[in-house]
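The following pair of complexes shares a single chain, chain A, combined with chain B in the former and chain C in the latter.
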Partner chain A sequence: MLIAEIFDRCRALVDDTDLSTVAAWKAAHPGAKAIGCFPVYVPTELVHAAGMLPVGLVGGGGHIEMDHADSLVQSFVCSISRSTLELGMTGRFRNLDGLLFPSICDVARNLSGMCSRNFPALWVDYIHLPQNRASAGVVDYYRSELARVQVGLDVLAGRTTTFDALAASIQAFNQQRAVLRDLHAFRRSFPWLLSTEELHLLTNAGSVLDVAEHTNLLQETLNLLSMRKGKPKDRIRVLLEGAFCEQPPLELMKAIEEAGCWIVEDDLLLGRRWLATDVTLNGDPLRALAESYVRQDTVSSVRHERPRRRADSLVERAREARVDGVLLCSAKFCEPALFDQVLLRNALEQAGIPHLALEFEEKMGVFETPRTQVETFVESILFA
Partner chain B sequence: MALYQDLGRNLQKDLLAKWYGDLALANERKEPVAYLFVSGNVEELLQAYGFHLVYPEINALQCGIKKAAGGFIQKAEEAGYSSDVCGYVKNDVGIALAGGKWPLGNLPKPDLLVCTYAGCTTYMKWFEALAQHFECPLFVLDVPFVRDEDVPAADIAYVVTQLRELSVLCQAVTGRTLSEERLRELVRLSAEAEDLWVRVLEMAKRRPSPLDGFFEAVFFMAPINVLRGTPECVAYYEGVLREMEERVSLGIGPIPEEKFRVVLEGPPPWPHFRAFWDLFKRWGVTCVASTYPRVGGIWDWGMRHDPERPWESIATHAMNGYTNWNLARRQAMMRRFVAEYHADALVLHSVKSCRAFSMGMADTRELFLREDRLPALFIESDLADPRYFSEAQLRTRVDAFFEALEHRRSARV
Partner chain C sequence: MYHVAGVDVGSGTTKVVIMGEGRRVLGVSELRSGADLEAAAVEGLEKACRVARVDHARIAYVAATGYGRYQVGFRDVQITEITCHARGAHYLFPGTRCVLDVGAQCTRAINVDFHGRVRKFRSNDKCAAGAGRFLERVAKALEVDLEQLGELSLRSKEPQPISSVCAVLAESEVINHVSQERKTEDILNGVHRSIVDRLAALLRQVGLESEVTLTGGVARNIGIVRLLEARLERQVNVSSDAPLAGALGAAVLALERMRKLGAEGTHLYVREGQA
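After this line comes the complex of A and B, so read on.
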């Protein structure tokens, strides 16, 4: 396949809010089920090991009309909660059998309850991801939480997940995450050969694909990328932070880059890379998954960090990626991100790293304002 | 003759005055101070170590009532907080930025921050910010969400392990050791106060109700949330219970004539408390039960602190606060209130500051309207930010709702 064809395919997969890809997968796997997984991070290995397709929920991407959800969700709540409900209320979850929500924020918590009442045909569960990683009891707790969810999935699937099956799923996702890491490393070195819009499309395509197929697609792209030709443009390098849950429109990513930036580091679709190193298998795969979540150092607004760690980590990442500036780019009304912005802005100030705050919504239509803001930001850096 | 009327109010004034008075001197006296939250709070353990307790949520609501919230919120917004985040947090950050000077004097600096992550993610962001501001230790007690029919044993075990770890930290901060006996005594007193508090709340099952289960209960609930484990707290609820019993015998109630009985979901708009209550008083509305007084603990159906199992019961208590329950459980609870307290309607007060409360409220309204055929009124303002209260708009909605109810009633007779 040509690389352009790959991106076209990804775009088609991403735009398909009816989840017809999922329907096709189910047709090819008679009797198998599909589970929608809300961001930021869900241990999709559990779903996969139960013989099901984990489907990444990413909101409506600005493609759908809000006819029903607006009456159920107040105006001060983020778009993804609204569009997720709308997708379900307009029958677009008909190819799903269940929904899994992680404990990321107050909105997601109640959204899970709203979904279970409004979509009685779906199995809905809520996974309480641990926040106190320093506790001696945390791995035991989280292992038991994973086991609880696994039982629920097994009942739905009508089978019992073996340790071997789970270990195999963990390996499959390890491979996927490894290629994603390679792609990110590639973009960091050669941002002119892989735009953030493209990287996002590639990653997001995995929302509806089986993990093995997605991994192959990523690998193939990576191979093709090394042959891609292009010249670096005179742009500044930036890190984009704060879009870990609801995703900004692709047009915004494009507008940012066209305004004179290379986004070389970001937290877009963070959940897909949450486990930043391989999950090490050591006999009990549930424990391995639990330990990995607890010990891995991924910092995000939806998980507690000891004082200063959040701020320090952003500054460290900015320095490692050798960026000229940071874009604090969060979804409108996303409280976890908005709270952290204060802290992060102060940290960047202290570290002398230029920064700009941007807000987005799924349904934003014009990108002139952010483009101008970014242009001004770029100029202020280039001519400082 | 009325002997006990206004006792609930007056006694509470004294209790809180003493509490804030002690707080103001704590730093000076080099006595340990802990900040904590209402939901999921583990004050018995902290009291066993002799901590003075500061509840930033209560401070914020005091500012609301005293019409001082606006200034603090603005201060926080000037420091970079978004207009779209919780007003309680901004109010509190505003106080911290003002060096602890607030309408009730001076707030002491914390030696320890205890964040119960119980049904509110904002709690975590809030104390992370304070930990950085005060440069003091922060303990996050991770309280699993009540997300299923049953509470898994592993959840309780996890919370108990953390409580033991918190205890070690308290020891390090205070230099004191824990007396298990003292802890048991605190827990015993808590249970006693909880018993009395439930009896007070249940007085509203009577018709007419001697108590407003929202507008009065949100004040009466202060000691059960902040002074549990003390003999004063027990004495307080004995007094309030007497006041309520006397009201029954004298035929007095929160309003001259009870015409409508409602269950109220959501927090009060503290900066406009009186005006908000008046909207309902005009129609002869008594709130017979409400969800807000259950944020600190749902004692209605038998949950108690237990001196035989102090640690486990503190853990269980931490989990069973209103916002730490999933929506289905909350909705079931409101249903039960409607039935047990004989309510004619449900009023849902959505507040921008608190998504933990408000997200899902419109869905609850649908549930009651469609499945239970119960009239339900949905209104919006805020619990902390005085800017989000539009009295005229609220009045129109409230009037229209009760007018229709009245109509319906007269059509029926």
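After this line comes the complex of A and C, so read on.
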């Protein structure tokens, strides 16, 4: 397959809010079920090990009109929560059998309750991710939470997940994470050969594909990228932070890069890279998953951290990626991102790292203002 | 030794400047932008290279500006017109503190520092009144060559008022004056006065300071220049290269980048086929 064909395929998968790919998977796996997983991080290995398809819920993008959800949710709530509800209220969850929500913010918590009430045909669970990583009992607690969720999934699937099945699923996701790491490393070194828009499409295609198929697609792309040719333009290197849950429109990413930036590091679709290193299998796979979550160094606004740790982590990442500036790009009304913004801006200020704050929402259609903001930011660095 | 290019793809014309390492202008070109902006940029670059007697493959760095800057596929960087006109005006008149750029579609007042860096700017609204395109329409309505507008308007004894700020409505007023058999030079002078009113207001919004430099195609209109000087009560810098200011600024900034990239040892931008 040509690389352009891969991106076209990914775009078609991402744009399909009717989840017809999921319907096709279910048709090919009679009796198997599909579970929608809300961002940011959900241990999808549990869903996969139960013989089900974990489906990433990434909102409605710019594709759907909010005709129903606005009657239930206030307009000052983030787009992804409203569009997720709209997808369900317009029958687009018909190919799903359940929904899993992680404890990332009040909105996600309330959304899980609203889905329980409004979509009674769906199994809905809310996973309590541990917030206090320093507690002595954190791994034990999280293992028990994972076991609880696994039981619920098993009841829905009508089977019992064995340790071997879970270990195999963990291996499958380890492989996916490894290729994603390679793709991000490639973009960091050669951003003119792999745009952030393209990387996002590739990653997001995994929302509706089986993990093995997605890993193969990523690997094939990586092989083709090594043969891609292109001339670098004179742009600044930036880190984009704040879009860990709701995703900015692809046109915004494109506008940012066209305005003179190479996005070489970001927290887009962070859940797929939350476990930054492989989950080490050593006996009990549930414990391995729990330990991995607790020990991982992924710092985000949706996990409790000491304020200094959150700020220092961003500065460290910016320095590691050798960026010229940071774009604090958060979704409108995203409380976790906006709560952290002052903290992060102060830290960047102190570290002498130029930064710019941008705001987005799923259905924004005009990108001239952010483009001009970014262009001005770029010029202030290039011609300082 | 290397050369750089500043490419200004405006809504009316495309201007290209080829510059050498010592900030010396080696060649320029100016042509209508038309509907295919990328093609205009390519043609403009080739023309300017021919004038400069430089192989276009030897152009080490291309900075694009203007309304069509994103259509210049061969650019190394794109820069806003505001930054480029500020640098271009400073290149032409190093004492410049205020820049008034009046192009075909946009008018901008820019306050700059001693190095030609932007401190403040204001642009006109979406309406084209006060810009070159409006003058083109007036010239057509009055059946006068665009190049003659300025000289002709200076002969006016009884300027006719044009009160509308909208280009379309102002054009109607012009036609109304024609139907009342007003003299062409008086109508033109009134048109120029209405434009200068808006230019002066825009300039005051960014803080009027000496020296003021006029850039963009409208700087060729001597009628506007004289009226502006009278309104601002000071001399206004006007160069015969005023329409090229955006491209000149882009070329100056391209040289700055080349020097910086060389100093940083990260000069990745040698074109294919070049050593």
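By definition in this document, the second predicted complex is superposed on the first by the 383 of 384 C-alpha atoms of A that agree within 3 Å, B and C clash if a C-alpha of one lies under 4 Å from a C-alpha of the other, contacts with A are read in each partner's own complex, and residues count from 1 in each chain.
Convention: a contact is a pair of C-beta atoms (placed from the backbone, for glycine too) under 8 Å apart; a residue touches a chain by one contact, two chains touch by 3 or more.
Bear in mind that the values here come from a model prediction, so they are computed numbers and not experimental data.
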item	value
When chain B and chain C are modelled together on chain A, clash or fit	fit
Partner chain in contact with A:E258 - chain B first, chain C second, else both or neither	second
Touched partner set for A:L382, first chain B, second chain C, both or neither	second
Partner chain in contact with A:K332 - chain B first, chain C second, else both or neither	first
First (chain B), second (chain C), both or neither touched by A:P232	second
Shortest CA-CA distance in Å separating chain B from chain C in the superposed model	23
Where chain A meets both chain C and chain B, residue numbers	none
Chain A to chain B touching residues, read off their complex	71-74, 76-77, 81, 103-107, 109-114, 116-118, 125-126, 128, 130-132, 134-138, 140-141, 144-145, 148, 301-302, 304-308, 310-311, 332-333, 335-336, 338-343, 345-346
Residues of chain C defined as touching chain A within the complex	61, 70, 75-80, 83, 117, 253, 256-257, 261, 268-269, 271-272
In the complex, chain A residues that touch chain C	231-235, 258-260, 372, 375-376, 379, 382-383
Partner chain A, residues of chain B touching it in the complex	79-82, 84-86, 89, 117, 119-122, 124-126, 128-129, 131-132, 135, 138, 140-142, 144-145, 147-148, 152, 154-155, 157-158, 161-162, 165, 323, 326-328, 330-331, 350, 352, 354-356, 358-363, 366-367, 380
